[in-house]
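Got a structure for you, written out below as structure tokens; questions coming shortly.
When the chains are written out, they are named A, B, C, D, E, F and G in that same order, and each has its own residue count from 1.
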Amino acid sequence: MCALRSEEMILNVGPQHPSTHGVFRLVVTIDGEQIVDADPVVGYLHRGTEKLAEDLQYVQIIPYTDRLDYVASMLNNYALCHTVEYALDLEVPARAEYLRIIVMELQRVASHLLFLGTYLLDLGAMSPFLYAFQEREQIIMLFNEICGARLTYNYMRVGGVQWDAPPGWIEKVRDFTAQMQKKVPMYHQLVTGNEIFLNRVRGIGVISQEDGIAYAMSGINLRSTGFNWDLRKNRPYSIYDQFEWAVPVGKNGDCFDRYFIHLQEIEQSLNIVAQAVERVPDGPIIGKVPKLVRVPAGEYYRGIEGARGELGVYLVSDGKDKPYRLKLRRPSFVNLQILRKLLIGQSMANLIAILGAVDIVLGEVDA
Amino acid sequence: MFGIFKGLGVTFGQMTKKKVTLQYPDVRINMPERYRGIHQFIPELCIVCNQCARICPTDCISLSGTRNEDKKLRIDTYDINFEICILCDLCVEVCPTEAILMTPRFELASYTRDELYKDMEWLYGNHLGEFGSHEQAMAAQAAREAEHAAAAAANGVEPGGDS
Amino acid sequence: MLYANAFIFTVLFLVVGMALPIGALAVLGPLLRPNRPSAGKTATYESGVEPVGDARARYNVRYYLYALLFVVFDVEILFLYPWAVEYHHLGLFGFTEMIVFIVLLTVGLIYAWRKKVLEWN
Amino acid sequence: MFFGMPLTGQTVSFFLLALLIIASGVMLMTLTKVMHMAVALAGVFLGVAGIFILLGADFVGMAQILVYAGAITILMVFALMLTQKGDDTESPEASTGRSLLTLLGVVVFTGIMLLVLRGTTWPYSQSAVDPYTQPTVVLIAQSLYHTYTIPFELLSLILTAALVGSVVIARKED
Amino acid sequence: MTGLAWLVPVLPLAAYVLLLIGGRRLAEGAVTSIAVLAVAASFVISLAIMIQVALHGPQPAVTFPWLVLGSATISFGFEVTSLNAMMLVMVSFVSALVLLFSRGYMRGDARFARFYQYLSLFVFAMLGLVITSNLLEFYIFWELVGVCSYLLVGFWYFKPEAAAAAKKAFIVTRIGDVGLFVGMILLYLGFHTMNFDTIFYGQAVSSPYTMAHGAPALLFAAHALTGPGIHALPYGLAPAAFVTLTALLVFVGAVGKSAQFPLHVWLPDAMEGPTPVSALIHAATMVAAGVYLVARMFPLFQASPAASDVVAIVGGFTAILAALIGLTQHDIKRVIAYSTVSQLGYMMLALGVGAYVSGIFHLMTHAFFKALLFLTAGSVIHAVETQDLFEMGGLRKLMPLTNAAFLAGALALSGIPPFAGFWSKDEILSAAFSSGNYVLYAVGLIAAFCTAFYIFRVYFLTFGGEYKGDRHPHEGGLAMTIPLTALAVMATVAGFFNTPWAPWIANFLQDRGAVGYDPAVNWGLMVVSAVVGLAGIGLAYYAYGAPGRAQRMAQKSGFLYTLSFNKFYFDELYDRIVTRPIRAIAEALGFVDRWIIDGLVRLVSGGVYTGGAGLRYGNTGQIQTYGLVTLFGVAVLLIIAAGIGGVL
Amino acid sequence: MALQPFLALGAILFAIGAYGALTKRNLIIVLISLEMMLNAANINLVAFSHFGKTPHVAGQVFALFIIALGAAEVAVGLGILLAFFRMRNSADVKDASAMKW
Amino acid sequence: MFSWQATPLRPLTLLGMLIGVVVVLALVLGIVTYLIYFERKVIGWMQGRIGPNRVGPLGLLQSVADVLKLLIKEDIIPANADRALFLLAPVIAFVPSFMVLAVIPYTASHIFTANLNVGLLYYIALSSLTILGIVMAGWASNNKYSLLGGMRSAAQMISYEIPLGLSVLGVVMLAGSLNLVTIVQHQATDRFGWYIIPQIIGFVVFMIAALAELNRTPFDLPEAESELVAGYFTEYSGFRFAFFMLSEYVYVFAISALATTLFLGGWAGPFLPSWLWFAIKTSAIIFFLFWVRATMPRMRGDQLMSFAWKVLIPVALFNVVLTGALSLIG
């Protein structure tokens, strides 16, 4: 209804705005409280990672990947290493694979916790943010112990990992996993059952399955539409096929589904970690890798299930020690494209709910 | 309706829980051994092989050395620009002599950018902590590492990587 | 005249209530505060970019309809108060009277409801 | 003595309030920005509420604040927001000649009224009711719900009609 | 119950309003129910009122001041007298049945609801006219009745004849209304009041007859001419002349409404309307209004012997004239229409000779049997879809119930004992006889003979012999047969309400006092009138029992037949002596009007227009300008007021 | 205090309102002015309920009624104004000269 | 005891009253200061944090420090703002918030209380004036966020003023007075005791509406940080901002005090002095407000409005009818 055509107003949400979680700018045209048009402006954080990579040895690229999705660095590390290993057809020692699985799934938990916290903060609830950060802090401390960094881990190497687990670390992870598994219901009590929260996210920002596929979405955004697509299952890599776990899938494709799948994935990831810590084998943590990695000439693509969707690395090599071209498929960037479609016709309040639930990380979007 | 009350119960229950806040300047997180803080450079050990400068993804290390009378290269200058250093640990990884190390120190705030440009002198003196000199620090570290190696051996784990 | 004392008391609240902000803002403020305006400082905030267009655009009608409902219901409340005060003495007659009043206005509310005035979109 | 009246607190209050009302009213007529007018309007309404209270009609005074200063002013503000363009000044007034003519008429009118007021002997008998012992609310309630039952019920009808009518008009396009 | 009397007219009005609002959306059955129920309720109330009046006597008038004009107050209100009460019962009874009948007759008409609207309004007007207590109100209802008859007669306005007939009815009755209006004004000037009671008795009394033992008419005369507080009569008229003049003027109104000679021409033409309308107009409402007027003003006529004589003579002449015309008409409804004119003449005759009760009684019985005749005629027309007598026949076997009903009505009309008409007509004739007006008695007798003849002519042509049409006539539905049955019963037995040995109505109307002339029972006259009726029937049987005989009779009567067939050339006569000269004058005047008067007017209007065009610039639609002007106006008024009040 | 000052104040307020209602071109301001005139009337009512020959609370009751009616008037008036504005895209009295549209 | 209520107005009485007002002002400023501290502490505890603890012992002087900071902070008036209204708005927002405190009966000897017969209506009428200040602030800033926030705020506050006004009607019906002092006295003698028992529906509606009137979580849309930055006071800084904060927290106190008065028996209670009882009850309500804030996410605008009009108002009306019917029977 808009009996009276009020004047449209152009409002800049971002780059300096609390709810864009970074330097994201959304130029919305509003009519009263209703969004008539939304134009995402990206690039405030662009560093030219892909171009820089062309001038770097493979090992040097790894620290750069840390800075893509900076809340899920481990997964980024892995994507690159995995691609290079694939290109080299390299065997990775079992212990290294287990350590990788453990840190990757812990990383996924940490990333999802961060999503939960910030999403609820966007929706006006303060406490879950702090609770989520308490849990995340424990994971970060675990990472800190294993690789010496809290955010930009630079942990993986082509053919394995850089560090072995310090003494007692595996036990710590085991304890944490058990403790965290008990914590998850608290979130359901605090958040999932809250009618106010439900009213805000149910049926909001609905992505249809067709749209999800058409926009090449992936990850939770795609799974929330009911499309069962998880690369860990669908195109297995690493040793995921050795664990018992399920892929949570939504029904409606709305913000609630996206929120809820995040929580369920935390549970599933913890599940994987719990299985993995029981079976970590002994052995080397890095395979037989030449001192200077030279990828045979050719084109290689590997995609892994990142925290936000399919994180793909497309590598073109001319046989030198540096890639000829490195293209990164950043899930946040791809998922972001649907934003305009989701936002048009919504109210300003829904903007926040939708933007938050699409869950973008600007480091990844801008690369 | 009950969802709201459940939530109220959760928050109320949290009131009595242990607080996680650390009084930061007074209390600090005990950074783990592997923590990748600000570098420490030990000129005595440096053979001026330039590997660290080459591996550095951001080219923040610059060094120069002169050939000594005994044909050995001696380090003259060793600067790290912390404006662009990403503390990735690669330089430490490649250093054949462990002349460059990373310390648990992470505080690097300064009022001007220039101050972030650290020279050999500063890097050498970085993070001596309670130790009076570098030698003492080295000895302590060696002791710690031996300890760890023993512990690792006790766990039946090969010390891996570059350790 | 004694009852007026109560109102004089409230007037004193008004006076003191106005004195505080005026004193703090107009008298004390300039003495304590620096005042060095610059173009950057006095620019309007809009997420760190130059604002596009004027903020004082014509505004949507939705709020207006709420205000309209509000005015009508405010009057209703106003007339409910004397009734509530005197309710014990009015008895069944007063009760019926008010039921009629409330029902009529509820009809209006339901009408607005059905007309989707109460919906945001 | 003040204007022929004993200088009591009541007199002083009256003149202060009258000053507020008239000043706000004149401001309302002379200001150009519509939002400023809304503020002046609130001034008028609050002043009138003060006058009511001064006259011992505390309930009516509160009603005045609640309905006029609270509700109607806000509604006016919304309406102004709705209809004013970005340029927020009032459209130019009527021609000067016409304004002067109106002013003349108004002044003549007021003058006569004041003269008549002065020239008339008013029966004087102050309200014996002390609102302290007998709250005006109660008196109003007794009057409203017994003597004026029918107007009261009609009022609800009018309010409903106004509600429905304005909703219909305001939402015509749907 | 009399306090509720106002409900009697209001209920049909409510039905009218209801139908006006929702008629279009309602089904035919619902429309009928609304109207019939309303009128039936009126009937029930009327009946209750009548019983109450019979038991407790009339009730005082209920009046409300309406207009205060200087010292005079015009009030409005209602009163219940015995006359009223009876009229109410009769009107509402017949109306209810007619309304019910229309359900069948008008079935499927596109403007069914509209028809019921008009009928309801008509009933309302008539009931209001009956119940009112003052002359002005009476006149308003009187005109409303006229309007309704116009609407109803012209209901099928797309038929040119119907439209013309409606116009004719309206204009002709209007001529009478002028007389009534002038009479009314004269009465007002004489008495400074419009209330019947006050005019007649100088004070508000419920019924003149209860307190005026013996000679109410004289009381009126005394009051009118010499009573205290009597104002000087207008125009310096002598009291006797005043009374006669007003009486005659009022009678002119009655002549127009009741279709008396010479204003009878509209009534037969009004047959163009739907038949239920005819039944209503002819039996209970419109034409009865004229008779009711005379009855209501009876003291006035009593006070003026000259006026009474005029009434009697006009009535008698009309009776015979219409009866003669009725002998030869081909249209079934026209025959019945002329019979109505004729019977109304009887009533006037009765009132003219002072037989108040007889006149009213005949009005009542006539209402029943005439309504019956019209409704049966309607039933017949509905069945055979023609109005020409010579295209019918043989319906006795095809429509037995209608046949029986028509027969009852015809017998009643003919004055055959013991049917209703016999008793009332006989009373009139004996009143005429015993009051010494032998000529009028003879005229009435001849008219009675003619009446019997023409109605049975219709009967034999319609029901006797063989059916000549090519349709399959059959009885109408229940809605049509119920009213027929009810009316047939009434037409048969209504006469017993006032037999010489049980004069209930006389007692009721006179209410222990005597009004008008009360003839003694004369058995001889009764036998004579019965025989005359039978003779008429016999002649009709003779003429129309065998085919061809009628033609021969017509040829033999030659000139007379033509005269009768052409209604004595009244319409042509009026055309010659009234319409054409008037048209000529009108054209001459038209020229004057167009060029001289209009020229002046155009000059004026042109000036006004030019002035208006100029002033239009002041009429800008700018509310503020208006407000400003108002402000100055108020200021000026204030100055003046203050000046007068001595403040300035 | 006497009655006259209050009546005088009412008259002056009324005059101000009348001036606004007659000269202002923005319909909303005109409405506002009308409200002021209603307020002026209310002052008189309440004044007479306090002073006068027979002080009675009825004056206050009527003031209440006027307040309520004023609210209703504003609601409908602004509704009409909106309709007008939608039609003409203007809130100017000058444009509201047609008797119907 | 000195009671200005029953003393004819003399300069001395006036002085006494003035002192009373100033005392209230000082108390309120102190209360607000520690209200903010209390809120931060409570919410901190609920989030596993400590809360302010640096300035002064236990961080007790934190709010004082904040106020001082605001006081000496530069007063920035945006170039595009409507200067006059921009300056006026905080005053208009603050004054009514302070004025409503005049009618709250804090103690049994209501020396700081204007014993108004229309006390409750006074509160509701005055508090509705704040909306004007907020709208003005939003409009005068000439900032889109401010405008949106101001408008939202106004729409929300007016919408919830209706259920607020309706919810207290049950209390008025039981007490038969609009005088807050009388209402408290009635609660002492009423057979149901505190009105929270017979008026539980009214109390719930009142609390919800109060939360909304205060623009607090879950109804803090107008100043929804993640959407509108800071709503109507986005452009305000320094002490002008402080006055918005101040009025907000004065309202927190005032509405809690009102809830105490209306539903919790006001100052009444055994053993302890009356003012302490009042303080305890009010603190409980205030704690509840903070607790809710720590827990709830924010509602969305349309839900907020529908909630007021489709749920609260019908429920409040039902409560009125129910109370009327019950007291007719009983």
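Just so we're on the same page, contacts are C-beta pairs under 8 Å (C-beta built on N, C-alpha and C of every residue); 3 or more make two chains touch, one makes a residue touch a chain.
What you see is a predicted model, and the numbers here were worked out from it, not measured in a lab.
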{"item": "Each chain counted as touching chain D and chain E at once", "value": "F"}
{"item": "Graph separation of chain A and chain B (steps between touching chains)", "value": "1"}
{"item": "Chain located farthest away, centre of chain F as origin (C-alpha)", "value": "B"}
{"item": "Most remote chain, CA-based centroid, reference being chain E", "value": "B"}
{"item": "A-C against A-G, pair bridged by the larger set of C-beta contacts", "value": "A-G"}
{"item": "Chain occupying the middle, per Cα centroid", "value": "C"}
{"item": "Geometric centre distance via CA averages, chain F-chain D, whole Å", "value": "7"}
{"item": "Separation of chain B from chain E, taking each centre as the mean of its C-alpha atoms, in whole Å", "value": "123"}
{"item": "Distance from chain F to chain B - Cα centre to Cα centre, in angstrom", "value": "78"}
{"item": "Chain centre separation (chain D, chain G; CA means) in Å", "value": "28"}
{"item": "For chain F, residues that touch 2 or more chains besides their own", "value": "18, 22-23, 64, 67-68, 71-72, 74-75, 78-79, 82, 85-86"}
{"item": "Where chain G touches two or more other chains, by residue", "value": "9, 46-49, 116-117, 121-122, 124, 139, 144-145, 151-152, 154, 158, 161, 177-178, 229, 294-296, 301-302"}
{"item": "Overlap residues in chain B, where contacts from two or more other chains coincide", "value": "4, 7, 10-11, 14, 20"}
{"item": "Parts of chain B lying in touch with chain G, wherever the complex brings them together", "value": "4, 7-8, 10-12, 14-15, 17-21"}
{"item": "Contacting residues of chain G [partner chain B, same complex]", "value": "42, 45-50, 291-292, 294-296"}
{"item": "Touching residues (chain side chain E, partner chain D) in the complex", "value": "624, 628, 631-632, 634-635, 638-639, 642, 645-648"}
{"item": "Complex contacts: residues of chain D adjacent to chain F", "value": "3, 5, 8, 10-11, 14, 18, 21-22, 25-26, 28-29, 34, 37, 41, 44-45, 48, 51-52, 55-57, 59-60, 63-64, 67-68, 71-72, 75-76, 79-80, 82-84, 90-94, 98-99, 102-103, 105-107, 109-110, 113-114, 117-118, 122-129, 136, 139-140, 142-144, 147-148, 151, 155, 158-159, 161-163, 165-170, 172-173"}
{"item": "Chain A-touching residues of chain C, taken from the complex the two chains share", "value": "46-49, 51-53, 55, 57-63, 116, 119-121"}
